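Please find one structure pasted underneath; my questions will follow.
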């Protein structure tokens, strides 16, 4: 405890670093996954390459991905941007198949009746398709958030500061409280984001409230 | 013979599915339990092979309390047919029918030939033997379900809305097939259904149930039709409200029968 | 850069030498398999129990969710400090990581079997053990193997970080390269890991597909 209070400001800095590394990939992955998934559902031939690509990308361990990214992007290996791009790719690899399944599962009859009522395609997507796919999308986003928060710590091995720095420095200098604090704060951040997404989902989709009570 | 002796089934949450039900089903007769959902008919059926154990009271098979028997052994000597067929989707038709035979230790070849025999009995083309359940129609799946239940030659057959999920034409076919099989094999059958017509077609006797396993009336079908005990029975079997009454009229020299709505129901022969 | 990496990768000393990458791949796979075997020995029986009986389900879901929120690097360094440098620390950390996926795969595999199928099997007179081995496991095998597959992939990925706390495996190259500021060596290590990971994933996907019982409608 004394170590934590003595290093509170450093921990706070690492926490902010961690948010900078993990929040953009979560948002970017979600926003980019929607059009990609919609495309995969709309144009059948694209479906296999997109889902297969996601699966292969997800199979790649994080550290090697961080290391080969500069080769493709030309961005400095030890920069936050490099980690953010790699984490966004992971997020996409998780989110795109989930979103594709979510859009596929939307009842075709509902969509056709919406079209019959005169919804224009873009309007129909925003007003009907997106809300109906919503619960599954939220479930996917939760997984992306938890996994991104955890993966962002790996950047510390390369020297990109984050809550993971508490692990590397704790290990190198043999400070157990540093590691424990890092684990607890990272896990709490993951749980917090997860619950925040659940909450936002409930606010945006009032019809799903209470749906899980019996199940 | 199956006797229900004052059985009650109460669930931990306080719902009473069946309250103090007593009834006896004679050997080699078919008894239909009919009632709406919540009447406890399936619960009663499942007490016989101990898929459900009563909270109080006992179920006797040939005078022996089933509570004293090993449920697995008991189930292997009682045939069971259910609505959703409950076939094993990863096993062929033949393998499904032979399931209990193999569990009982019959050798493979004997079990296979017995399975083929059963397929013929229930009117299934033996060329379907190597198919998987998903490759069969709903009606065919139900036939496999019946064949599977009959394979070990049980004395008792429990049927839980076996034809409830198939379309009306196939259902009628299966019902008639079932009466034919029963006239050949004469098993002790409990047949659960919510369809009174089906109950009266299959059952030598019919037990009409209200909510909570209360017997509204029990007896042969004719009795329920001609002498309904109360308004509930009369309403359920339709006899009291004239729904089952037919009126004869001669049209073009032939006697036609008209139902309560005045629609032609059939031609009188003879 | 790429040419340097390729030159390094194809240099016989770096391939078959005592610390050559073939040796490291072998080591890496061995760690992964040992860990997975231990994790499976723990998680499969529990998962099958939870899936078959439905008991302790919420506990299993909670444990799975919580463990997934734990950062792998944190666990690895924590156990390394606790157990000291050696094989024990990373193996414990990796087992902790692998258990949730295997557990979740096992119970959700059994839960995916339609209730009516199990009910039918029980009513035919199958014992609980027969229901488990002849009905639930064969019908849920795809998800069970799916759980093992994601655990395998996670362990394979994290075993690389094990080199950070002082052990071998392919991570060694990456950390060696990092220490000596030798990007081509880091890259070589990374490429080897990536190829190994993708190969393993593809093989496991094929195994998973082959295990799907006949007669089951092919959905995906």
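Think of it as A, B and C in the order they're written, each chain with its own count starting at 1.
Here is the rule we go by: a contact is a pair of C-beta atoms (placed from the backbone, for glycine too) under 8 Å apart; a residue touches a chain by one contact, two chains touch by 3 or more.
Here the structure is a predicted model, which means the values were calculated and not measured.
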Inquiry  = Taking each chain's centre as the mean of its C-alpha atoms, which one lies nearest the mean of all protein C-alpha atoms here?
reply    = C
Note = Taking each chain's centre as the mean of its CA atoms, the one lying farthest from the centre of chain B is chain A
Key: Centroid spacing, where centroids are CA-atom means, of chain A and chain C in whole angstrom   = 21
Key: Rounded Å distance, chain B centre to chain C centre (Cα mean)   = 49
Note = Per the C-alpha means, the centres of chain A and chain B lie apart by a whole-Å value of 54
Ask   = Where on chain B is chain C touching in the complex?
value = 46, 49, 51, 72-77, 80, 82-92, 99-100, 103, 132-135, 148, 158
Ask   = What part of chain C is in contact with chain A in the complex they form?
value = 1-2, 66, 68-78, 80-81, 153, 156-158, 160-161, 164-165, 171, 174, 178, 183, 186-187, 189-191, 193-194, 197-198, 200-201, 205
Task = Sort out for me which residues of chain C touch chain B in the complex.
result = 114, 116-117, 119-127, 130, 134-135, 138-139, 213-217
Residue numbers on chain A that touch chain C, as the complex places them = 55-56, 59-65, 67-68, 71, 77, 146-147, 149-150, 153-154, 156-158, 163-164, 166-168, 170-171, 174, 176, 179-180, 182-183, 186-187, 190-191, 194
